[in-house]
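In what follows, subunit A forms one complex with subunit B and a second complex with subunit C.
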Partner chain A sequence: MARRSSSLLRPGLLIGLALLAVQFVAIVFAPWIAPFSPIEANPLDSLQPPNLVHWLGTDELGMDIFSRIVFATRVNLLIGFAAVALSLAIGVPVGVLVGYYRGLGGALVMRFFDFIQSFPVFVLGMALVAVLGQEIWSVVIVLCMLFVPMFARIVRAEVLSLRERPFIAAARCSGANDFAIMFRHILPNAMTPVIVQVSVSIGMAILLTAGLSFIGAGVRLPSPEWGLMVSSGAQQMILGIWWVALFPGLAIVFSVLSFALLSDEAQRLADTARRKEGAR
Partner chain B sequence: MPIREFWRRQPRLLRILAVRLALIVPQMFGVTLVAFLLIRLLPGDPARLILGNFATDESIALYRQKLGLDKDVWTQFAIYLDNVLHGDLGTSPFTSKPIIEDLADRAPATLELILYAVIFTVGLGILIAVVSVVRRGSAFDWGARAYGFAAGAIPDFWVALLLVFFLYTVLGWAPAPFGRMDLMLAPPPRITGFLTIDALFAGDWEAFRSAAGRLILPVATITIVNAGAVTKMTHSVFSEIWDAPFVAHMRACGVPERQIIRAALRNSLPPIISVSSFILGFLLGAAVLVETIFSWGGLGQYAVQAVINSDYAALQGFVLVASAFILIVYSIADILYEIVDPRIRT
Partner chain C sequence: MSASPEAPVIALEGLTVGFGGAPVLDGIDLELRPREIFGVVGETGAGKSVLARAILGQLPPGGRIEAGRILLEGRPIDALDAPQAARYRGGRVALIGTNAKALLDPVARVGDQIGRVLRAHGKPDGRTDRRSVRDRAVALMREVGINDPERRARAYPHELSGGMAQRIVIAMALAGEPEVLLADDATLGLDATVQAQVLERLVERSRERGLSVLLITHDLGIVRHYCDRLAVMRGGRLVEVSEVSRFMAHPADGYSRDLLAAARARPALQPPRKSDDRPPIVDVRDLTMHFQVPGSPQPIRAVDGISFSVAPGETLALVGESGSGKTTAGQCLLRLLDNTDGRIVFDGRDITDMKEAAFRPLRRHMQMVFQEPYVALNPRRRVRDLLAEPLALVEPMTGAERGRRVAELLAAVNLDAAVADIRPGELTAGEQKRVGIARALATKPRFVVFDEPTTALDIRVRAQIIDLIRGLQSSMNLAALFITHDLNSVRSLAHRVAVMHLGKILEQGETRAIFESPREDYTRKLLAAELPIDAETSEPASAGSAA
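Presenting the complex of A and B:
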């Protein structure tokens, strides 16, 4: 029987990993999987219901929905990963610095973050994309404005408690400078809640990107993007043409769900590790 | 210290209010600054954008002077602040009406929508959480957990489209997703701007039924998507309190289950209040998508139009009003939070 591995073989983890694997296959092999071009309009094939040629049907412009969903994985996940990676690169060091050197500067930075976070996310996003131009990178910047304060806050909270621990005093006595203490001794111990948050954030990024594109303040046609695809089917839904909006929406749900599941499992692992440490 | 002594002697409620109100002023100042800078960051010269490519340099210089663009940024901000304080947010070139009037016209539609949505979202969220804690381990509990988990992954605009498709197109149960009321009906005289309430005031049942009917799908959309977050939050707080010694004690004393639930709920109120206020603020932004789908004609749709038309003055006005609204909601929530939890010291 499974003795140690039982915590690794949880259904949530398996489903999350399986969904993630599907997405990576779609990203890497998109040109081979997709039977049609994702951006080529074909007015003669407009609004075909799902059939043997077009597995998930076609949209108003006659573009193959299945092919677009597959290629959109690249766009949506690129935006999600880029936004989270950039936010980590900025937010984590800021969090460490602000937590380590408490003081006026740190307090000001935190108030500034409070302030950004008090804006309605979606409204700020719309306004910024309108100002910066409808490019993928504008969407990434909007998401960073949301995630940088979040990561910085999480890291800061950890650093605040870690810096009082005896092993930091020990490091300081053995002559480590501030930089080494912050980034070699404190940071590795402060990363667990960040890692849990990373996965959730990618899911949030995908949802927000889709929402922005849906109202026309995100990625532009003909780029394949899930929210944009749902939006292109919104008008036809009332007329009973369901396939244009249904399938890309399902893609969003599965994608966000996979990241949420992984984050949930990461949280569970972190909790178990902490409990073990506490029992020792 | 006589001042501190004086402060201590004031009633608790007054102290809470004073602190909160004092915080609102700098926060509003900051919001105004950001709304101003957001538009200042725009690439390109506004005068050239308005006058077009064929304008001569002189006319542009003259127009810049008229707009006040020849002054430095901080003077411009002072002028903007002065205008905002006098209730002047500029004029939209697309509706050719003062932006403040445009916003005031559309605000009740959005407020009516999100107010009903918040009531249902919080109500349903708490209900699901309480039942699943009381019936721990039951099928309902599992279902509730799965729902709480999955709801966060579903895009609201997609749910709205599915509801329209199934309940309107296929089954024909729900009214059409076009606006707040049947166009054939005369809207009730405007008192509050909330169509359901105004219709009741006017005693116009037909208008009330139409307005209430039109609310069903958008409110259901928002509820389905957001109640999961409330459920999750309430579940974790309420289940902890449900295991507290005082609950076991009440049960041992033979207090009826219903009364125990009420007492436990009373103790889980503070986090529920903060999550509700967060949702109310969040919905103002999120309602943008739902409004667009149901042609709601509220603030959100106005903002979308402003984005599409590059109507930056209108967008600026919307950002300002929306942020002010959220600030007020959060402040009210903070005040309530401190009132319901006497353990917080002010």
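Presenting the complex of A and C:
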């Protein structure tokens, strides 16, 4: 018992959860937290350093940086969650099918994934956004192109080994058909590495969204988005105007950190569970 | 028998070891005399392995000697300083563990691994240059019965069979020229003939070198054949210490009597009623299963043209060593593998080429109890769901009916109803086995393949499983194919026996006839390797090691 409680009170887990909670508060209560509109330009107040009115200063259009950071949490996390959820919904079943049936179709799907994954993300992103337009959903689709093959691969690898396990043969003897074997017997046993990967992927998605926006292949101004904000502040950095880029940068760091910490904890829990299973 | 009262090599005085909670070893008093082979018998969790680790001075993490002491030739071992302790472990007392393949370093050649021990523990005057270490390693390998040791010394552990790896571990233990060997279930998981050979070598070398051996096992047959004295362990205590011959005749303790009774074969079953008038329920003709190996022109002939039939209510035992193709044959019967050739007829219907969807309705009549209980139960599902799944094969049921049926099944295999709500990982091996049996019986099948139902179980649990299957055979008039290498359970369960070797059936016949007058050399070898606890049942085991 002593070990269990200490594993729940690990600092990594606490910090990760606390940072996540802050982000959720920002998402839900953004209009109440933010003192200014995130998209209202006020040229008279442009490039003010942090002060009592504009806590984190203003950018060159005079928009309040704190308000924009708070509202951007919605955009960035929405993109991250949507991309990962969609990728799970597509990648996991594809991985199960490809792993279970193998065969020519499966090989073709995997080669197609290889083909997609052989493009650098940013090149793929710029091309797709050029075709689809600079919308939030374009960014989600770009991220899905990245994550679907990743989840499918992870699941497929698990399924390949699980399908040979005796309990699958036992399930077949008990009358389970292919569908039941795949989704009732194999899938629950294949989910552990996926769940660990989910948290990492959300962090990656946030980072990539910011990256795409930074190079101009993501969300458009005046939408509040962290990468875009860093990008607009980057030019002022050498003029000594540090606050425009720094604060949204920190937001990215803490957001990605929270998901990275949580994925570490998920990995640890998965390992413990696996050890416990293996102990018998 | 070396019963002469000499000063003990190792003495334990009130040894108590704990891991924080209740003691795992509780006041153990034990004397290991010079040149004695001393058996320690007990079931899983009795504390046997902790005992060996304590004597070696290497308790698992968290373990602590709470009371008592361990004396080596009268001197307590905790008084040894660090270099002495290092010499003590491996140099004077050596451990031979279970599962040799896991004990060996997978990336080092086995000859070099023996060499490492020689360098660490070689006699001071021994030469430690490459050549002589190599030569001594090879000599040790020859001594433990490895053919062509010069070549084998260059092998990596994965290139060796289990028996060979176990011999390497024994050679490593002997390399330090210890005075005491601790063999902790050293032959667990090896085939009977290999086990007999390995034990024979181990005992022979130990007698020759005048070593004292602590032989830890859960197999009373091993104790009966190789040990001078024995101790029975239960729950961290020694319940009985005795001369082996006296113990076998008159066990003093109630628990010892239970163990002995459980280890004995049950009286043979009635021979099957003549079934000429009734067609066999399963009829197999020239069953063949070849596996193609990528990159090799020769397929693996796992099953190579076997024929047998099983009458309703009859049990046929398929015996043979690992790799003989028994399990593969069983899997072909249940269409888990698509056999290369031959016909399988079940209840008058040829099922050989049936598609899975067409065969599924027949599955309720043909079931299988899988070998390793834990891996054959989906770890993520509750026992209730595992048992309810096959019920869908019978007929549509309401939730309440299913619940009632699950409860009945659990009762039939003597499991508590509360087991329904837990997952397989929380069950003991014996309970998992029972769940596997209950699952196979859920559809009231007419034919069941039991794949090694008694392996890897403690003595008493094994006896319970055997009794359970016997009860089910008579109450359900079950026809069964009983795949095993445990001859003791064959005697207790099978009407007829088929002996399988390298994918072929060498001979088959009535159980009694095969056991009493085997025709084939291989069968004789198999029978001779058994270590029965009753002397009159068979020839001494030494015949098995002649090979």
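Methods note: the second predicted complex is superposed on the first by the 277 of 280 C-alpha atoms of A that agree within 3 Å, B and C clash if a C-alpha of one lies under 4 Å from a C-alpha of the other, contacts with A are read in each partner's own complex, and residues count from 1 in each chain.
As a working rule, contacts are C-beta pairs under 8 Å (C-beta built on N, C-alpha and C of every residue); 3 or more make two chains touch, one makes a residue touch a chain.
Quick caveat: nothing in here was measured; it's all calculated off a predicted structure.
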{"item": "Simultaneous placement of subunit C and subunit B on subunit A, clash or fit", "value": "fit"}
{"item": "First (subunit B), second (subunit C), both or neither touched by A:85", "value": "neither"}
{"item": "Touched partner set for A:145, first subunit B, second subunit C, both or neither", "value": "neither"}
{"item": "Which of subunit B and subunit C A:175 touches, first, second, both or neither", "value": "second"}
{"item": "Partner chain(s) touched by A:165 [first = subunit B, second = subunit C, both, neither]", "value": "second"}
{"item": "Touching partner for A:253 - first (subunit B), second (subunit C), both, neither", "value": "first"}
{"item": "Which of subunit B and subunit C A:20 touches, first, second, both or neither", "value": "neither"}
{"item": "Contact breadth on subunit A, by residue count: subunit C or subunit B", "value": "B"}
{"item": "Per-pair minimum CA distance [subunit C against subunit B, superposed on A] in Å", "value": "8"}
{"item": "Subunit C-contacting residues of subunit A that also contact subunit B", "value": "none"}
{"item": "Touch list for subunit A against partner subunit B, complex", "value": "115, 118-124, 126-131, 203, 207, 210-211, 214-217, 227, 230-231, 233-234, 237-240, 242, 245-246, 249, 252-253, 256-257, 260, 264"}
{"item": "Footprint of subunit C on subunit A - complex, ascending", "value": "165-167, 169-177, 185, 188-189, 276-277, 280"}
{"item": "Subunit A contact footprint on subunit B (complex, rising order)", "value": "27, 30-31, 34, 38-39, 41-42, 149-150, 152-158, 161-162, 164-165, 168-170, 177, 281-282, 284-286, 288-289, 292-293, 303-304, 306-308, 310, 312, 315-316, 318-319, 322-323, 326-327, 330"}
{"item": "For the subunit C and subunit A complex, residues of the former touching the latter", "value": "331, 334, 336, 356-357, 360, 363-364, 367-368, 370-372, 374-381, 389-390, 392-393, 425, 429, 436, 439-440, 442"}
